[in-house]
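Each of the next two complexes has subunit A plus one other chain: subunit B in the first, subunit C in the second.
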Partner chain A sequence: MSSLAGSGSAHLRGDAAILSVEDLEVEYHTARGAFKAVAGVSFDLLPGETLGIVGESGCGKSTTGRAVLRLDPIAGGTVRYREERIESASPARMRELRRDMQMIFQDPVSSLNPRRAVKDLVMEGAEIGGVAKKQRELEAPEILTQVGLPSERFAEMLPRQLSGGQAQRVAIGRALAVKPGLLICDEPVSALDVSVQAQVLNLLEELKAKYDLTIVFIAHDLGVVRSFSDNVLVMYLGKTCEFGDSVEVYARPAHPYTRGLLDSVPSPESPEGFTGPALTGDIPSPLNPPSGCRFRARCPIAQDVCAIEEPAMREVRPGQYAACHFPLD
Partner chain B sequence: MTAELLEVTDLHAYIGSPKGVVRAVDGVSFDLRRGEALGVVGESGSGKSVMARAIMGLMPARSDRTGEILFKGRDLLGLSRKELQEIWGPQIAMVFQDPGRSLNPVVRIERQLTEGMRRHLGISRSEANTRALDLLKEVGVPDPEQRLRAYPHELSGGMRQRVMIAVALACEPDLLIADEPTTALDVTIQRQVLDLLRRVQTERGMSLMLISHDLHVVAGRTDRTAVMYAGRLAEIGESHEVFEDPRHRYTSALLGATPSIEHARHAPLNVISGSLPSPTDPPPGCRFAPRCAAASEACDSAQPAMLGVGVDHAVACLNPTNMREGELVGR
Partner chain C sequence: MTVVTRSISSVSGQALRGARTGIPVVAPAKRQWSVLVWFSYFWIGLVVFLAIFASVLPIAPIDAVVGPPRQPPQLGSLDTLLGTDGTGRSLLSRLIYGGQVSLVVGTVSAAGGVLVGTILGLLAGYFRGRVDWIVTLAADVLLSFPALVLLLAITSIFSPSVPTLLIGLALTSTPTFIRLARANTMAWSSREFVRAARNMGASDTRIVLREILPNVVPTIAAYLPLVVAALIVAEGSLSFLGLGVPPPTPSWGGMINAGAAEMRTSPYLVFVPATVLFLTVFALNQAGEHLRLRFDRTLRD
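After this line comes the complex of A and B, so read on.
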């Protein structure tokens, strides 16, 4: 596998993966020119795995999730789902495939048609898939029960009558009603209060086991991602920094950016409120990213080579990969 | 001079709505000492933001405040708009969640910084400009000379929040109220802004009220923490104590529901069953009782008073967790 372009793909696990993304590139065109929001990102998931994708604004994590479903056009690289090549699938085939690859968004209320009742909303996907009305009416109460919304109370409600957590349950129900194999969750709990967030996360874990789901879980909250994911992918400015088992990566981050992110999570047990020093500087504009390693401008251990040569993903410990010239011990 | 800068007693803030009167803040008492950082934590609907606005006198139309808000011994509730304008800036300043919306988009940073100083401190333009530059340096804005000439949209979210803090500090307030100041920011930038707030607070000997939905954000950064639930105070105490030894079941439930870096993989998170009580028609007793595992009949009939449970730690519960012998002291 080539590791010259992008951040490299040494961490991919081959044919066993149900979803395999290699050197993915997504371009956005703005008034100030075109830029790559995702600039060579690779990852894969084995069936039944949960991959957490973390990073700050502009790192390309949401764009990556959307590109897998081709909601944003793929400018380069390959995306394989089961036996299908997503980047070259026809629009008609893509519509079929999206039934098996469902997505849940951050803002649950705005992702629901405000004029439709909950019982119709959860069956929207099935309706598009050609499931007959009678069958849908039969299935809707079942789905609603699955997501913890008793049909008697919720079936006729409109989105504006729901709380944020309830609306997100409807969105989850709608995704599951078409029995997908892959679920892409883009910040599914970020808009919810802590207590509601815990309920939705528990529900997702339950349904994942029940329906044998493979999940891509995109979030900026590192605490949420660690316990929910098997593997974690850390992104920065359109590139991958680190990939590995989430517990291992959190315990021993190899990339200085991962370390900096973890040290920025408030830790009331630590005397200063944090476990380590702050990262300096701001996130650079993706329109004009730094040369070499994109993180170097904020990196506490950057050397001259970091400005010249872009680091590729390489194995730093068994199963743990980092794109850094000077990985941490 | 008393140690208390702010003494809030039995504060109620009610807001009219089509569905009835929302009892956003419903009987809250606490004090804030000089030079102290107080964290205020709660979920949506807890009343934490309305409480901050009630203290500032920034209430919406069709609202009503009762109680007492003593600031340096003077009741803010009785002040006219004109008198309040003399308080805003040199006495109490506020930083909001969205720095993009609190700065004037068509005015350069320099004027936004100097406006208040010239009005309240009566200093000359050139003196104000010098101080504006010093302020930007103090809050860690790189290239401060250039930034003075910039408009808000030319700055990143983190930089705008630093500028907002500089604006708030410009007239040297004794109290800074920061309402979710880092919620809109990325985690590494949030960290920088929290560090900055703590630094200016200690260096200036200023009092700080840091409001957040995230107990973790507040606990490690403040001297004391108040936990709010449904318009009332659930618990208040030294931050490390509230965090390590919470005595109200809502506080412990909130902590249990937050996925921490230590949480076991794929293990279910603790949930708080049920939902918030109606803000227009809250239950007569403890507001958390319908969701509380240890609630008894007594909890449903009367609102629990604040009960002292150790040094500088009080909890609004008839049956606090983890009680020690001889601890039951009414307050």
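After this line comes the complex of A and C, so read on.
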């Protein structure tokens, strides 16, 4: 019962999912004590689906992504990928599994070894997998062409000679070269110029269709997530707030936090400068989270019960789930 | 500094040629062969050549008295070209023979220190935890001993000999390299490309050797010539205490130390060997920097 008392897992879809995360907890240990950066998050993905995870900085969305690959230690809950349990896989098995679950990082330049040429970077996975140098030399131009970097010009370049967008293309090529079953994109375009953002997103979109990729797309930019994802998961302070079809959630948010996020988007038309009443205040410290609902301190419709009882995820409308005592219509 | 100038000149050259032909031309990287670099390679070659062939060169034996003591450098005879020491022996011939000991002691002990220090630093910085605790503690203990006291302790426990000396000197230089390698490893291993490599299924061995080590080496290599110089001088201090290479075999550090007592009256007793040591270290630095520019692609283009 305790596992369901948190954010809840009513929105999970069972065995059909390729990735199923249930009550995931990740703990960080600091000088001032341990805290849960992720405190009971559940989500799942069907094959070929794209899930967007959104939330403010510090809500635990990136930590969630890393924990799925066990790049951050899993403190509680279960992560199932195909038939494997990630949280209990042996280190040797984990090394094999990780090849099937690739990640694209926020800072494209930092994610490339500054002393490697582009052609070696994209074939890194193959090299680790034991593919001969000759074969790698043959395959590298193919991969580079796929991510829109002509091999003749870019193969010998070093990361610092690339722009952010080009570097991110190399990172995408490197991830796709190992033919992953799951791709986790951790804010892949936040560090890029708006014009380049669109190019990289289009590239991802194109490759998604071509390879039928299953993608977890982590971002704080709501617009980017809406255009890119089938489903969206809204997180706040390590908890799940809302889950549902991205068009539905954007059109009719059920959780006051989702509403607040959408209203905080700057808008030149409105006199206040925002689409609606913007969120105020800062995200509370996860070292000492509020009792009951974690959002109640910033929630415009909070009642007494919100301080006492933590809301569980429940179906508000068909296919749309929210963890709120007073979901919006 | 030079890198900046060069890139500007190559850009303007490219623009000129591009304008003429209509096709962008990338100027080839200009070769870095300044007078200093030439001199540095020449000097290193000369010192090594003289040290190797000292016994067949037409110079006085190391313990032969060739003239009055404390002669300043003078033209005329080859033996007194750089003057004579406190007992009238030829400074030139002692410098050439001294090069044998000093070069071997400096390079071999520094190489030992670099090897052990880098390995331990990499392990500590990458694995952290208990390994880090032990390695850092060992490095701190070694650093907290004055180097000379440590060397005295080693040479008094084991009989003074060249191998003991090398081990002792290597040991004093190890903690510096441990710290340098560890700090750099920690900085590099938090970068996302390390995480990406792990995500490709790379083993720890591969990550340390292929991802982190190549990024740590340049920092260490830049510091190496300075350590070689310090070790050559440290060997001299040990000779002075009777724990280094036993006399009458000369070494540069030993000559500097022997001359220090008479610095006021005959300063060239110190300045002549000190100049040779300075030039050698300077040349090592210059040549090292040149080799780095030549072979390190990340610094060119």
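Criterion: the second predicted complex is superposed on the first by the 320 of 329 C-alpha atoms of A that agree within 3 Å, B and C clash if a C-alpha of one lies under 4 Å from a C-alpha of the other, contacts with A are read in each partner's own complex, and residues count from 1 in each chain.
Definition applied: a contact is a pair of C-beta atoms (placed from the backbone, for glycine too) under 8 Å apart; a residue touches a chain by one contact, two chains touch by 3 or more.
Remember, it's a predicted structure, so these values are computed and weren't measured experimentally.
**Student:** After the alignment on subunit A, I want to confirm one thing: do subunit B and subunit C clash, or do they fit together?
**Tutor:** fit
**Student:** Which chain, subunit B or subunit C, is in touch with more residues of subunit A?
**Tutor:** After superposing on chain A, more of subunit A is contacted by B.
**Student:** Under the stated touch criterion, which partner chain does A:R160 make contact with: subunit B (first), subunit C (second), both, or neither?
**Tutor:** Touch status of A:R160: second partner only.
**Student:** A:G129 contacts which: subunit B (first), subunit C (second), both, neither?
**Tutor:** The answer is second: A:G129 touches subunit C but not subunit B.
**Student:** Touching A:L262, do we find subunit B (first), subunit C (second), both, or neither?
**Tutor:** first
**Student:** Looking at the overlay, does A:E83 come into contact with subunit B only (first), subunit C only (second), both, or neither?
**Tutor:** So A:E83 meets neither subunit B nor subunit C here.
**Student:** On the A-aligned overlay, A:L71 touches which partner chain: subunit B = first, subunit C = second, or both, or neither?
**Tutor:** In the superposed model, A:L71 contacts subunit C only, not subunit B.
**Student:** Now for A:R115: first (subunit B), second (subunit C), both, or neither, which partner does it touch?
**Tutor:** The answer is second: A:R115 touches subunit C but not subunit B.
**Student:** Measuring by CA atoms in the overlay, how small does the subunit B-subunit C distance get, in Å?
**Tutor:** Scanning every C-alpha pair, the shortest subunit B to subunit C distance is 5 Å.
**Student:** Can you list the residues of subunit A that touch subunit B in one structure and subunit C in the other?
**Tutor:** Common interface on subunit A, subunit B vs subunit C: nothing in common.
**Student:** Would you pull the subunit A residues touching subunit B in the complex into a rising list?
**Tutor:** Contact set of subunit A toward subunit B: 56-57, 163, 193-195, 197-199, 201-202, 205, 220-224, 226-230, 246-247, 250, 260-270, 272-274, 278-280, 282-283.
**Student:** Per the contact definition, I'd like the list of subunit C residues that touch subunit A in the complex.
**Tutor:** 191-193, 195-203, 206, 211, 214-215, 297-298, 301
**Student:** Please output the residues of subunit B touching subunit A within their complex, sorted ascending.
**Tutor:** Answer in residue numbers: 43-44, 156, 158-159, 186-192, 194-195, 198, 213-217, 219-221, 239-240, 243-244, 253-254, 257-261, 263-272, 275.
**Student:** Per the contact definition, I'd like the list of subunit A residues that touch subunit C in the complex.
**Tutor:** The contact residues of subunit A facing subunit C are 69, 71, 95-96, 98-99, 101-103, 105, 107, 110-115, 117, 124-125, 128-129, 158, 160-161, 171, 174, 178.
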